[in-house]
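What follows is a pair of complexes built around chain A, which joins chain B in one and chain C in the other.
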Partner chain A sequence: MMRWIWLSIALVAAVAGLLSFGDNYLLRLATTVAMYVTLAVAWNIVGGFTGYPSFATAAFFGLGAYASGIMLVNGVPLGVAWIGAGVVSTVFAAALGLAILHLRGHYFAIGSLVVADVLREVTNTWVSFTGGGMGLNVPLVGGAAAAQARFFLISMAILAVAATLTAIWLSRSRLGVALQCIEQNEDAAQVIGVDTRRAKVAAFAISSLFIGIAGAIYASWTTYIDPSDVYDVSLSVKPIIMALLGGVGSLAGPVIGAFVFLGLEELIWRNSLEFHAGILGLLVVALVLFLPGGLRDLKGRSVLTWVRDKMKGRTL
Partner chain B sequence: MTPLLTLTNVSRRFGGLLALDGVSLSLTEGEVIGLIGPNGAGKTTFVNVVTGVLKPTSGSIVFRGKRIDGLRPDLVARAGVARTFQVVQPFPRMTVRENVAAAALFAGGVATRTEAVAAADSHLEFCGLAREADKLAGSLSLAGRKRLELAKSLAAKPKLLMLDEVNAGLNASEIDDALRLIAAIAAQGITVLLIEHLMKVVSSSCSRLAVLHQGRLIADGPTQHIMQDEAVIEAYLGRRYAEAQKGAGI
Partner chain C sequence: MLWLQVLVNGLALGGLYACIAAGFSLVWGVLNIINILHGSLIVLGGYLAFFAHQYLGLNPFLFAPFAGALMFVLGFAIQRAMINPVMMQPVLMTLVLTFGLNLFLDNLMLAGFKADYRKINLQPPLGVLEFGDIILSVDRVYAAAVGLALVGALWLLLRFTQLGRAIVAVRMDREAAALMGIDIRFTYAVAFGLGTMMAGSAGALLAAIFPISPVSSGGYLGKAFVICVLGGLGSIPGVVLGGFALGVIEAFGALALGPENAITISFLLLIALLIVRPTGLLGRRGFN
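Let's look at the complex of A and B:
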């Protein structure tokens, strides 16, 4: 508990510092990391707590972005549009969950992967409603550029904190116990009276609420969205890598992973534009093979002793 | 005596195989009944059909006056039917206590996690697992995991407990411990259906035996009577053995 209090104090101090002194680049970076934290923490509720490897993050993100964008174009106030986008995403996730959450393991992964593609095609084709492949210009939030940047950072940071607090609450709730049981042995969970379908759909819906709102804030932040941008498969993959980096299923893991991932993105990606997808792939393979519990596995040991242990074939 | 569970003409088909073929059986409240039969006789299918894991192809199952056939497993569990698995099914990365507390929380009708933990501790004490409470369930020995299955199913506050080969793989002294435990469970008034392979186990703990053979119920009655039944001996030990017994005048 103390750890969490210190962490929050540090976080608040960092955000306050950024808001007073940060330049545009730092503000943009901080907003991105808040978005990544939101996506990774939300993914972890389904992928980590429940053990269902979802690739539907991009679907909820894009749906939230478009739902909010279309509402804003039609004159709905900003706050209402963002919350509304979360509701749209949640309702969609609940319906989708009823349809595909009975699939397990790889089958569920594939089932969730195609959802973003389907939504992208619908968005592309339904030109009169969505603007189609031309994209959608989202109405500007008024004010000076610097004030806008601060506004989006605050919004995204609040969302990230809300997602994290929800994950903490969930891990201590009755629903959290149900998800933990499902993750470890779904058949046994049912036999001890867990309504597995309801628990899984609830986890999926809660997770998508935050992803949908993240998409909505993103749409207002960038002021322009198009289907290939907000339904991009990398939006589904990145949160998984973040969770893998920090430790799947843990509370702090996805948060730490999001920070580390953004660091890597800034360092490696921009210096190797041609091969960054390749590096992403290698990173996933290395993580799964050597650090299945995430960077935590390295804790308290130098890389050298870790390599030596590995060579001797000891388990971590 | 009112029947606790009544199966009427229950069948379950897997493709061309009738795993259960028109089984009718009635369990009386408070009894310990053994369900025996050779490998592949349909014993585990019987448990799966009653607990809702499988839907019966035909027939009806009534538990405490309510139809439960085709009901989801979690609802059957909450109605008061608990089971153990032949292959133990713990939540491996939860502690022993958390495993049992989860069962109390969902099927046992306990309202809060604190109460669930308290209930779990008493069930662990009863099953002789109190010292193992903080270990991870995955680290227990086979005998320990079998006891954990028992503790979990008891935490679900069952009226009917079906034990699927709870003694398989245990040594003689572990079996004796398990039998004492089963007797103590029955003494609490819980109806026990013991699915067994080992004759020694059923003959000492069950007052009544039901025998499945190729999906059909071929015998049902008091233990002593059933164990001398010709059809049962034939199904179990083969025709030649049965004929030799008759020839020897036993």
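Let's look at the complex of A and C:
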């Protein structure tokens, strides 16, 4: 508990410091990291706690972005549009969950993966409603550039904290225990009386609430969205990489992973504009091959023993 | 007559679609891995055929099996070096791993070949066949024929050779197969190599009739998903059925709702099938 208190104090101090002294670049980085924390923590509720390999993050993100964008274009107030986007994405996730959460393993992964493709194509072709492939100009929030940057950082940071607190609450709640039972052995969980269907759908919906709002804030932040941007498959994969970096299923893992991932991403972007996706790919491969448990694998071990263990572990 | 023409178009593509998905289905069924890399491997096979035609003047339809053979070596090596160590890991890890490889290969091809769409232009063009009102372009017929022949060869290999029987045995029961003296690691690598081979051949055939580009790999992967779920996992007849089914459904879907909705239709069909019958039309239950 003490650890969490210190962490929150440090976080508040960091945000306050950024708001007072940060330049636009730092504010942008901080907003991005808050978004990444939100996505990774929200994914972890389904992918980590429940053990369902969801690739639907991009679908909820894009849906949230478009729901909010379309509402804002039609004159709905900002706060209402953001919350509304969260509701739309939650309802969609609940319906989707009822349909595909009975699938396991690969079938669930594929089912969740193609949802973003379907939504992207629908958005592309439904030009009169969404603006189609030309994208959608989201109304500006207004105010000076610096004030806007601060506003979006605060919004995204509040969302990230809310997502993290929800995950903490969830891990201690009855629902969280049910999810962990499902992760360990779904059939056994069902036998001892866990309503697995309800628990899984609830987890999916809670997770998508935060992802949808993150998409909504992102839409207002960038002021322009298009289908290939907000339904991009990398939005589904990046949170998984973050969670893998920090440790899947843990509470702090996705948060730490999001920070580390942003650092790596900035480093790669800076050094290689042409080949950044390729380097990211190599990084993912190296992560899965050498650090399947995340950065925790490095803890308390010298590089030498680690390499030796890896060599031993390379057999089937 | 329009309906008949659309049906013929769909069936002509179906043979090629079976070839696209056969390797994906084999890898999924035997190694229990969803190979996100599959689409990129198809595109790579397409580039092999493109350059073989451009610089060596090789006919892509004849070159397809050789493109496959080259790709077999690549697939064997990838499995040995990178996929074998994670064979026993959960779905999430293998998926993320092949996704990373897909990012890398796509970016490599993008940097090397640029995003321009390229197509093999055969000289002289093969022209069209006409049966009454039905028009059929010859290159598509060739592609479907070679594709189906390769799928048939794979089926024969799995059915009648010792290696093929070993692959099927490993798919059915890994431990029992090991006890029977089958080298599991080698078999996995061969199966992945064969999957890559089919992807490479399919790519070579695709390059002969459609423009290819590194950015189109995701589309081919999506088709492989749909075909496998349609036809059922891990059986070659299922892949052929799924391939023809997707070809016909796409053709009629494009006719009824417009070609821009073809992807939506096939993916909605995929989700619907997953909900109703996840084992596919000819599939058997099992394997996660």
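Annotations
By our rule, the second predicted complex is superposed on the first by the 303 of 316 C-alpha atoms of A that agree within 3 Å, B and C clash if a C-alpha of one lies under 4 Å from a C-alpha of the other, contacts with A are read in each partner's own complex, and residues count from 1 in each chain.
FYI, contacts are C-beta pairs under 8 Å (C-beta built on N, C-alpha and C of every residue); 3 or more make two chains touch, one makes a residue touch a chain.
Note that this is a predicted model, so its numbers are computed, not measured.
Applying the stated contact rule after C-alpha superposition, one finds that A:A277 touches chain C and leaves chain B untouched. When the two complexes are overlaid on their common chain A, residue A:G105 makes contact with chain C while staying clear of chain B.
Of the two partner chains, neither chain B nor chain C is touched by A:G84.
After overlaying the two complexes on the shared chain, residue contacts for A:V122 are found with chain C alone; chain B is out of touch.
Residue by residue along chain A, chain B and chain C are tallied for touches, and C comes out ahead. Shared contact residues of chain A, touching chain B in one structure and chain C in the other, are absent. Here chain C touches chain A in the complex through residues 28, 32, 34, 82, 84-93, 95-97, 99-108, 111, 184-185, 218, 222, 225, 229, 258, 260-261, 263-264, 267-268, 270-271, 274-275, 278, 288, going by the rule given at the top. Considering their complex, residues 172, 174, 177-178, 180-181, 184-185, 187-196 of chain A touch chain B.
Those residues of chain B whose C-beta lies close enough to touch chain A in the complex are 51, 53, 72-75, 77-78, 82-83, 85, 89-94, 101-103, 105-108, 113, 152, 155-156.
On the chain A side of its complex with chain C, the touching residues are 47, 51, 53, 55, 99-100, 103-107, 109-111, 113-115, 117-118, 121-122, 124-125, 233, 237, 240-241, 244, 248, 274-278, 280-285, 287-289, 292, 313-314, 316.
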